[in-house]
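What follows is a group of structures, each given as structure tokens.
Both complexes shown next keep chain A, but they swap its partner, so chain B is in the first and chain C is in the second.
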Partner chain A sequence: MTPSSLLVGIIVVPLAGAVLTPVIGGKAGKHAWTWATTVMVATSVIAAALVNQVARTGPFSAYLGGWERPYGIELRFDEFSASVAVICLLGLLAIVFSQKYAAKELPPARLGTYYTLLLLNLTGMLGFVVTGDLFNLFVFMEILSLSGYALVAISGERTAEMAAFKYLVMGAVSSLLVLFAIGLLYALTGSLNMADISDRLTGSAEVPAMLALALLTTGFMVKAALFPLHVWLPDAHAIAPSPVSAILSGLVVKTGLLGMIRVYQIYYGAKVLDLSSLNTVLVWLGAISIVMGAFFAIFQEDIKMMLAYSTISNIGYIVMGLGLASQYGIIGATVHIFNHALIKATLFLGAGALIYQTGYRNLSDLRGVGRSMPFTTAAISVGAISIVGMPPTAGFLCKWYIALGAVQAGHPVFGVALVFGALFIFVYYIRMVNSFYFQAPIHPEILEVKEAPLTMLAPVLILAALCLAMGLLGRIPLSFIEPAVTRLLGTLGG
Partner chain B sequence: MEVTDIRPILAPAISFACTGLVFLMGRSTFWRRFWSLGAATAKLVVVMSMLPGTLKGTVYVFKLLDFTPGIGLGFRADALGMFFAVVSSTLWLITTIYAIGYMKPEHAKVRFFGFFALCVSTTIGIAFAENLLTLFLFYETLTICTYPLVIHEETPEAMKAGRKYLTYTLIGGAFVLLGSIVTYQMAGTLTLSKPGILSLSSGVGPLTWLFIALVAGFGVKAAIMPLHGWLPSAMVAPTPVSALLHAVAVVKAGAFGLLRVIYNVYGVELLKNLPVINWLAYLAAFTILAGSFIAIYQDNFKRRLAYSTVSQLSYIILGAALLTPYGATAAIAHIANQAFAKITMFFVAGSIQRTTGKTQIHELAGIGYRMPFTMAAYTVAALSFIGVPLFAGFVTKWYLSLGALQSGQWWFVLVMVASSLLNAAYWLPIIYLAWFKAPPGTRLELHEASPTLLLPTLLCAVYVILLGLTTQVPGLPFSLAQAAVKFVFGM
Partner chain C sequence: MKRALTAAFLVLVSLPLLYAMSQLPQHGSATSPAYTHIAPRYLERGPEEAGAENVVTDVILNYRGFDTNGEVTVIFTSLAAVFAVLLAGREGDERSASEPRARTTPEVSPVASFVVRLLSPFVAIFAVYVVMNGHISPGGGFQGGTVFGALLILATVVLGKATAEKLQPARIRGLLQAAAPLTFIAVGVAGLIMFGDYLAFPKAAALAWVRTLWLIVIEIGIGVGGASIISAIFWQMGGDR
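Right, the complex of A and B next:
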């Protein structure tokens, strides 16, 4: 297979899979799970081949229909696009996890729809990260957003519909902003290809370029749920079925950040604007996000609500790292995009397993569950240690790099904010660990609960192992992403 | 001479494997004991097997993997690290025996012994850490895995103590992390294999602030006042935990971290140019005296021990802050001297509690007649703390006073004298109560602690005497401390 056909394949395979799911899944979605799993395995193989390719040869492109840019549609695979690996892995594990979970939580008639939407959502994300075309970016963003709204609402409960509606309104506004910005850029440069826009933007009028930048940033930051644009996130992420929460929290919010990286690629290259004031705003909002996310999370009783707020804190880390615009900061932020996906998926899937087995979702009701479900709670604990950034887990390296980036950029104050913000996060995770292991159960029957079934336990354990491995072998992602960041900052002219 | 050798990582790995085995097979009493004792012995053998080489000047290194590009997870057994490792692995074996006896009636023993082994694993990791990042990794892990031990009782009081413990130590950890980041930015490396990596070119101001951050970070676990608040509360933990963790592993990890900062990150020469080091010495002197004053007013045996620990730890810090070879000798030697004497006392307190149920000092009248061997061990430890010659504590005080004179700060000798008096003021009354004040009317029967409690206690007391008598204690030679001092001062 040539790299180009692989690039096309990573979008076409899951898309075709999604379209065929209602057909092959059969009545009441009996085979839907098997089919969706098969599709994701195939997609994961393609993703692995792509990542391998970019590690060996550097970024490469595919031109659809043989039309070179700027005339045709370009699919571009660079180091940032390597997030396809994480998307596929998480998608696969979430689908595997869904077998029992969805069968219990959803009416049978919706099973087929559920897997179709999941695959569509993943297709949207895969397309989003590999496209080199700004309008395609928008289209894929809409695919993943629309399927996301539907997935939040899929249980059909009243609260779920409300949460989905809130998500829809905010999401639609953000899409509108992005679309408007794309229109502006097209008017300015006459192109929709991102690399091409970057070239042509040089020397163009400053005010429209600035307006487009502001709209893009705001739009993507709504998607990323950066404080104060986060209001849609907690309900949506907490109420959705747990595998969906894992995808939404681990991946979907990250598309906003990956989108932001694309924006940086355009604007750093174009040198049309001085981005330092934007970066200052982002660093501050990142710092506030860290603290506010942690602050709200402390008051949550519902385990999934708590995890949802913790996402806001972590988005704060990443945005801060991006805004610092120093080598270490951006490397740390980018790797945290991947690592947080793994960590948060561990936590959400683990929480899902607890809820599935016990029927409780409040921390106080879950007291003592550590004794009856030792493996799940151990995995969640690993995730918790990882997300607060304890060494040697995945979360630590990013914290280390972003704080190092703050010192490197000459703003050690933000390093302090980051490190102490992480302590704040510790407060509520220790509450969770306490209730699992060290507090007497309120409901004695919780001690009789069985460990989660294998299709749930295996994904959770694999993810927990990755949380550890990505910490110990952290140099692999860090050195993988380094050339891309050097290129990005190199265009900055630093 | 540096030699690549697997043993520096094997030592922590053994305890780590032990943790896994205890969690897997620990429901059976036999296997739980078998693995705990087996791993403790195996580790002691591994550490001891490096001792002859270390004494000849060989440094064993092992680089496990690159953690981030440039900074590896590295292990390095130099003289200072070996000293700490020898002390903690010797005491782990002794404490394991004691804990097996002490924990018999307790709940959640699998969890207890599992995390117990994990703590020692991380302590050895701290001792052998090749760079500041590896040190930080184990330092934080130690915090996390002592938490289940501190709250072992799961009572509201224990949970509260646990919260307090985590609050203090995690904030300390955050300071260490910040310090490491700034150090890396300034020096471009984090290695602990040199006598100092920072240089004066970074500026006195930044170096001072960095020093304060690092001292605050490690000082929390080393319980420098006013960062000591967690230590007395954490005494709610079972006695073997208090003994090993709060006399050896946790508090010494803090003190050891400070020694690394002073000797390997800053270096003696650089610190002589920074006035802030004098303030550390004053703070340590203050802690020595204030800790003792508070200890006098404690009636709970373990709380008195806790404040005594606060006071004693600052001997190490004062010795290091003097920046003289004699001071350094005292600081390093006191790691062992304080550990053996303090653990003896904790064993005694635990034995009394288990055998008679008494926890308050005023209840101890006549205890010497009921538990003569236990109280004999106590007497040895108490005399050591007071600084009577022929006991371990005297060696520290001697070298510390010499160090103070060497640096021309004679008033620290007065601090030593005052501290001896204060130690006498709170240790001697217990001796008096125990041996000379039998409560009238009651018949005192001989009722010693069970052998698994008594033997470790006596063994530690013997070490206290040996350390005071000779420089050639088997497995803990004084020349190890001197080798470390020579390296630090480039002699």
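Right, the complex of A and C next:
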């Protein structure tokens, strides 16, 4: 297999899998789970081959239809695109987890549709991160957004439909902003290829270029749920079925951030604008996000609601790292995109397993569950330690790097904000762990529940193990992403 | 008060947008980058190297065919989203099932019914014409598929769902709904195997008819998929209730 056909395969294989799910899944989606799992295993193999390729040879392209840049559409795989690995891993584990969960929580008639939408959502994200064409990026953003709205609503409960509607309205506005910006950039450069736009933007009119940048940033930050554009997130992420929450919180919000990285690649290269004022705004909003997310999370009783607010904090960390525009800051932010995906998926799938077994979702109702479901709660605790950022877990290294980035950029005060935020986060996670292990149960029957079934327990344990492993082997992703960040900042000239 | 604030906010937002628009290269000017960079190649060489007289078809199905591959997936996703929200299993469904609602469908007038039956073959032929002619004139799979989908909806209203559904046997309905992305994938993978790039068409001048044929295959796929999806959404929204 040539690299370019692998690059096509990472989109086409899950896409074919998705559109065939209703056919192969059979009546009431009986075989849909087996089919979706098979498709994701195949896609994961392709993702592994791609990451291996980029580590050996650096970025590479596929020219669709054989039309060279800028006449056709180019797929471009660089180090940032290596997020296909985490997308495939989480997608696979979420689908495995869904077998029992979806069968219990969803109306049977919707099972086939559920797996179809999950695969479409993953296809959209995979396409989003590997495309080198700005309009193509928008097309994949539509696939992943539309399937995301539907997945929030799929349980059919009124609250879910309302949450999905709110998500839809915000998401549609953000898509519109991004589309408008693409139109502006096309008018300025006559091109849709990102690398070509970056070359041709140099020396073009500043005001429209600035407007396009503002629209792209706002659009992507709505998708990423940065404060104050986060209002859609808590309901949508908390009410969705747990595997969907894991995908939405772990991956879908990250596409906004990866989109932002693409915007930086265009604008840093073009040198048409000075981005330092945008970066200052982003660093501040990131800092506010960290604190506000943590603040709201403290008051949540519902475990999934708490996790949803915690996502807003973590998006804050990543945006702050990007905005610092220093080597360490961007490396830390990028690696946190990967690591937070693992951590948040551990937590949401773990919470899903607790809700599935006990039927309770409030922290007070879940008191004492640590004694009856030791493995699940242990995994959640590992996730909690990671998200606080204690060594030796996955969360520590990236937050440390972002803090170093703050010092490197000459704003050590943001490093302090970061540590302060981590303390806040520590408070509410300790509350969760405390209620699992150390408080007397309100519902005595909670001591009788059994540990989660294997298809649910295995994904949670694998993810928890990865949270630990990424802490101990943290140098690997850091050094993997370093050349890409050096290139990005090299174009900045600093 | 709220309205006045909204209006004021919108005016405030629109000012920088309008100002930025005024700074764009002149619309319609021959020196604007939109007309000087990639567009000339499409216009000058499109019909010959991409396979269709109609340059729009060249761009959407050949030069930027992968975007259209994505767009038909968006349409398929919208069908799945409609299923996700409207398929049986919603709260309170049992109640509405046990208390059959009064059917409000009015009796269809014999005149309307006759006219629809009379016109159906012509509408269907027109739909096929729009699909097949897309590579020469405006039209193509999306438009022709929509015309055919409208015919299916009309037939459902006038002749009943059972009659209209015969045009889409339940056994292959899933395949028909996925026809557009599946056609793209089939043509794309064929291009990958034969010419080394996904969605690649034969490049040799002597093979111009193959390029045109492949475009028509894609158009038909889009048309079939579009018509199936439009009618399925209509049935899902109205039929089961």
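To be clear about the criterion, the second predicted complex is superposed on the first by the 494 of 494 C-alpha atoms of A that agree within 3 Å, B and C clash if a C-alpha of one lies under 4 Å from a C-alpha of the other, contacts with A are read in each partner's own complex, and residues count from 1 in each chain.
Everything that follows uses one rule, which is that contacts are C-beta pairs under 8 Å (C-beta built on N, C-alpha and C of every residue); 3 or more make two chains touch, one makes a residue touch a chain.
From a predicted model like this one, the values you see are computed outputs, not experimental measurements.
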Clash-or-fit label for the pair chain B, chain C on chain A: fit
Which of chain B and chain C A:Met390 touches, first, second, both or neither: first
Partner chain in contact with A:Leu184 - chain B first, chain C second, else both or neither: second
Touching partner for A:Asn434 - first (chain B), second (chain C), both, neither: first
Contacts of A:Arg158 with chain B and chain C, given as first, second, both or neither: second
Partner chain in contact with A:Leu404 - chain B first, chain C second, else both or neither: first
Per-residue contact with chain A, leading partner among chain C and chain B: C
Partner chain in contact with A:Pro483 - chain B first, chain C second, else both or neither: neither
Closest approach of chain C to chain B (Cα atoms, Å): 39
Shared contact residues on chain A - chain B and chain C: none
Residue ranges of chain B in contact with chain A within the complex: 65-69, 73, 133, 136-137, 140-141, 144, 148, 151, 154, 159, 163, 166, 170-171, 174, 177-178, 181-182, 184-185
Complex contact set, residues of chain A against chain C: 4-5, 8, 12, 15-16, 19-20, 22-23, 62-67, 70-73, 106-110, 113-114, 116-117, 120, 123, 127, 133, 135-136, 139-140, 142-143, 146-147, 149-151, 153-154, 156-158, 161, 164, 184, 186-191, 200, 204-208, 210-211
Chain A partner contacts - residues on chain C that touch it in the complex: 16-17, 19-21, 23-25, 27, 32-39, 41-42, 62-67, 70-71, 73-74, 76-78, 80-81, 83-85, 87-91, 174-175, 177-178, 181-182, 185, 188-189, 191-192, 195-201, 203
Residues of chain A defined as touching chain B within the complex: 385, 390-392, 396-397, 399-401, 403-404, 407-408, 412, 415-416, 419-420, 422-423, 426, 430, 434, 437-440, 472-475, 478-479, 482
